[in-house]
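Okay, so subunit A shows up in both of these, paired with subunit B first and subunit C after.
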Partner chain A sequence: MLTKAKWPLFVLLLPGSLIIGIVFLLPFVFLIIQSFWTYESSFVANTTFTLANYAKLFSDSYYFDVYLRTVKISLISTAITLILAYPLARFISRLGTGIKGFLLSLVALPMIGGAMIQTMGWMAMMMRYGMLNGILMGLGIAKEPVAFLGTELGIIIGLVQSFIPLMVLPLVASLGAIDISLEEAAKSLGANSARTFLEIVLPLSIPGAVSGTILTLMMNLTMFVTPSILGQNKIMVFGTIAYQQAISVGNWPFASAFAIFFILSIGLLALLARTVTKALQKSQVNNIKSEQRINGVEL
Partner chain B sequence: MIEKMNRVVVIIVSCLIMLFVLAPIIVLVISSFNLSRYFEFPPTGFTLEWYQAFFNSKEYQKALLISARVASSAAALGLLAGIPAAFALDRYKFRGNSFLQSIFLSPLLLPQIIWALGLIQFFSLVRFGDRSILGSFVGIVLAHTVIIIPYVIRMVLTSLHYVDPDLEYAAMSLGAKPVRTFLEITIPIILPGVLVSAVFGFMVSFTDVVVSSFVAGTRYITFPVRMYSEIRTEGLDPLAVTVSAFVVIFIVIIAMIGERTIRWSRFI
Partner chain C sequence: MKKTVALLFTIMMIATLLLSSCAPKAAETEAAAEEIPCDFDEQTCTFLEGKDFGGRTLVVGVWGGVIEEIYREYVIPEIEKRNGKVELLLGGTGDRTAKIYAEKGNPTMDVAYLNMYEAAKGVEDGVLEAPSNAVPAYDDLYPAAQVGGYGQAFMGLGIAYNPDYFDTPPDWADFWDPKVKGKIATATFPGGDSEGLLAAAGYMAGSDENDPDAMFSKLAELTPFAMIYTSLDELFMMMDKGDVAIAPVISGYAWTYIDKGMNIAFSWPKDPGTIQMMDTLTIVKGTKNQDMAYAWAQLSLSPKVQKAFAEQIYFGPTNSKVELEGKAAERCVYGQEKVDALLRLSTYMIDNRDSLTERYNREILGQ
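== the complex of A and B ==
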């Protein structure tokens, strides 16, 4: 903009690039290297090359069970998060600026409050005679206190609540960008609310839903505070194993190998999701084209 | 008629989901005044006993103080590194611009726990004298700076989009040097975005538990890490809940002030 010289650009980018490059990207390189090192004893590893860490991962079915459990819990939580976040986002996106901002800053509170505060709140609620059971028994839904702590149910409830904000924000962005006159036009041409929603609103909100879903799934897959506290160490997932191996056991090479296997499989999942959504969008475009051809309307 | 009923249903459902999202925060605040030690519901009585205990607890105050020191240092560093970078990304067309932008934002997307695993190994090898920076103040602050930088860059980029470049050209054509133009035209316009990213960055660092619990070590135990290890070993106790409720009240007040004064939700 202001000058043609290159040096200001370089100077402006340098501090941020140094910090992100050294403190953020470089550790991933260390992670890969260390996953091939040999574990000796707690917090001691030597640099002898080995594949033992990966071999242990694939030979011990315990870790495969952990992997499957993590994926299962994450998929369920993400699906419920999407189902609950969508109507809320749709509601917020159609409000006036002032109240919309107020509600959005309320929705963002769990993000700012952090995982620890959310988890503590849930733990208080999930106690034997805590709020959840108080309500359930008060309404006569449950005769005896339901066990939430130490169960997958408890973890899923905690995860869904924590990540609704992550899902709502991109959804509000793409739902809010839909021109209201499009919906009005559809209605004035005789489409009812359901049809307007299915054919106008839903397709246009897919980009927000996809980015929210990917982000939420990623967070769910690598969560460790919620499963650790609400699962009471009875339900092990990737995050709790990684913490246990790295901090309690001190087996960094194995923790690294598990992490690399995990991030690679997440990457594959993301790639798959992208391919599927692209195919979906393509078929949608084809549908519209064929409808237009039937109606005799040229593009 | 049906339209009206639909609207009522939509509002009720939205309120219920909202209540669910805010439930833990609300419950923490209620529990901090609850007489019962076991978080019974409905509350058995009102008390300020736990707040009294908190104001007498040196240990929790120390943890909060460490968190505040880490968060303010990291937020300052994050602004120093993030604002110039955002400015460069917005105002210069150069090859690799969008690539660099996604690199800068990547700490928001890549799983923190996996990065943290690499980070403890890396930090344990970086030495000043005979000590590694793993578990040192510098180490924690650097790690938190990485968490804050993407927020700063995203929010400052958003506010830079509101700046009309013509204003800057006008100032310069009237004889202002680029530095003066930046200080007197650009900075005031992007100030709300900078302010929000400073506050947001501070709070994200203040409440971080994932990265902190990996790199914290034993000397600088921040408030969320203290909570985590205590709950894991001794279970939930009213004092810990009260300290968290105190932080929650603080966060809600900041969020509401931020929304009222500069509409901070547009940057989130």
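== the complex of A and C ==
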């Protein structure tokens, strides 16, 4: 029974829970059920129970290769995004409120147009005779046009640009929350800029980096628009295979099994990332504590 | 006394209601008096006469671009004049097919344009209506356009090429000419263009489109492709520059670029032939707007609309009453003779899309 005090909370939670239940959980349950159905022909399946879809998934190395490729491209893109976003976030986090807000809006601006518009823009730039090759050849960096479209490189460039805002925003929040007096104290005690950054700023910004990394990684893993347009459907990843199976081929049971497997494995990856990060943070805290103890003894 | 007054009042109310329901409504009288002008052919005008769609909305799944513009210019105003509304769902045939099957028995889309193989399968699977002369224009369609759904436009899968590579218009065999190795483009698979090239590979291997081993081993000889095109703009830009020498392209699509002065040309292959393609109008089974869907189909298949398609984007008319001349007649699949010359593939590709796509991913894309 709900106590009287909890009723308002329950009522407030109800609409959101209902929406999540209807638009997410129910279709998800249906996806699980459908993954055990039997494929007959394009868009036609019968409800006879079968494990064939999962058997195909695990017995055929092709799908495992697609999975590995998806994870590889996602990890590389996420790492590059983090490296590019960090200095930008650090710079923005130091600015005054007005200019900070303005710059954050600029960073988030491309997201308003959605992935499709950004990707189409990249497509025009990455064409064999597009702007990017024009610059590279004009500067003498490349003698012949570089193939960006239809390659993993093209996809990674597109993904990094698309998801930089997702990395910058939590990083700015995290870096902005670091008390400036901590850095000043470190410097007054003789630490140079590099040491201050490595021992004060970096450890304290880990929560923002973790949030940004998980958000970006999830978006990269489930990418669809970028690989299908910039990868020209030559580079098959989870999203493009799922779309191909569900929409072009019409094998819904297999597409469902593929999706279930992928969702579960992403969940596991996220869990792993969380555990590793927690362990990292814990060791950082322990390090600081032990250093404080040593310093205390020395003093 | 009170009872009598109440009784009289009730009788008067009933009489008023009865009279008002029998008498024509003001709006109806106006509509009847105000005849809607019709500048279509007689068959279409007669079919549309007196139609009033009562403010309902017809949902039509169709391609965007010039196709959408033609429907907005010629067909939608005719539905609107008759108190109907039209919502266009723009996209590719895959999205539409998936939607039709997912909504089987309770469709939200009334009319869908598909390719001829998807349409025929949809009728077979009971998600689309079989075509009939409930749409009067059906009787005027060429027999090849009466199969599956209502054929909307005849096209052929031919060859777009850069003329610097060929002295004479190439045929399918020229894809295997060593001078174009590495300069071949194809479209994404599955899809009409790429499936057509796969079928052509089967014929070049001495077999046909029902022999996957022959098709794949022969097509693999063409890999790696210079590009897998998703955009015609990009394909023709690369062809114009000579980075792509040859590609399977549906007739009609190349002409716009040729007219822009690009260094490209189009060939109608003869051995084993130009592969038949057909945009097909289908009516979704269980539609709640069947009358509107029939009206849409009649307008869409009418000579006036088909002529607009032929003259603007060189889509071959399926209605035998359409008469073309000049450039349109030359560039379209037009007339019985040209229609008969097209190579119609079996349903093997659509029946085996699942396994063929897997093999294509693996053996052709190497992915």
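Note that the second predicted complex is superposed on the first by the 278 of 299 C-alpha atoms of A that agree within 3 Å, B and C clash if a C-alpha of one lies under 4 Å from a C-alpha of the other, contacts with A are read in each partner's own complex, and residues count from 1 in each chain.
FYI, a residue touches a chain if its C-beta (ideal position, glycine included) is under 8 Å from a C-beta of that chain, and two chains touch if they have at least 3 such contacts.
Everything numeric in this text was worked out from a predicted model, so none of it was measured.
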Clash or fit: subunit B and subunit C on subunit A? clash
Once the structures are superposed on A, label A:M131 by its partner contacts, choosing first (subunit B), second (subunit C), both or neither. first
Considering only touches as defined above, state whether A:G150 meets subunit B (first), subunit C (second), both or neither. second
Which partner chains sit in contact with A:Y39 here, subunit B, subunit C, both or neither? Use first/second/both/neither. second
Should A:I229 be classified as contacting the first partner (subunit B), the second (subunit C), both, or neither? both
Based on the superposed arrangement, let me know which partner A:Y62 touches: subunit B (first), subunit C (second), both, or neither? second
Applying the document's definition of touch, where does A:S283 land relative to subunit B and subunit C: first, second, both, or neither? neither
Examine A:M123 and indicate which partner it touches, taking first as subunit B and second as subunit C; both and neither are also allowed. both
Residues of subunit A touched: more by subunit B or subunit C? B
Going by the contact rule set out at the top, does A:Q244 touch subunit B (first), subunit C (second), both, or neither? second
Subunit C clashes with which stretch of subunit B: 92-100, 200-208 or 218-226? 218-226
Subunit B and subunit C footprints on subunit A, overlapping residues: 123, 127, 129, 228-229, 233, 246-247
Considering only the defined contacts, which subunit A positions touch subunit C in the complex? 39, 41-44, 62, 65-66, 123, 127-129, 149-150, 228-229, 232-236, 244, 246-251
Subunit C to subunit A touching residues, read off their complex: 94-95, 97-98, 101, 121, 125, 188-191, 227-231, 234, 237-238, 241, 243, 350-351, 353-354, 357-358, 361-362, 365, 367
Which residues, counting only subunit B, touch subunit A once they are in their complex? 3, 6, 10-11, 13-14, 17-18, 20-28, 31, 38-42, 77, 80-82, 84-85, 87-88, 91-92, 94, 100, 103-104, 106-107, 109, 111-115, 117-122, 125, 142-143, 145-146, 149, 153, 165, 168, 172, 178, 181, 200, 203-204, 206-210, 213-214, 224, 227-228, 231-232, 236, 240-241, 244, 247-248, 251-252, 255-256, 258-259, 263-266, 268
Under the touch definition given earlier, write down the residues of subunit A that touch subunit B in their complex. 1-3, 8-9, 11-13, 15-20, 23-31, 34, 84-85, 87-88, 90-92, 97, 100-125, 127, 129-131, 133-135, 161, 164-165, 169, 193, 215, 218-219, 221-222, 224-225, 228-229, 233, 239, 242-243, 246-247, 252, 255-256, 259, 262-263, 266
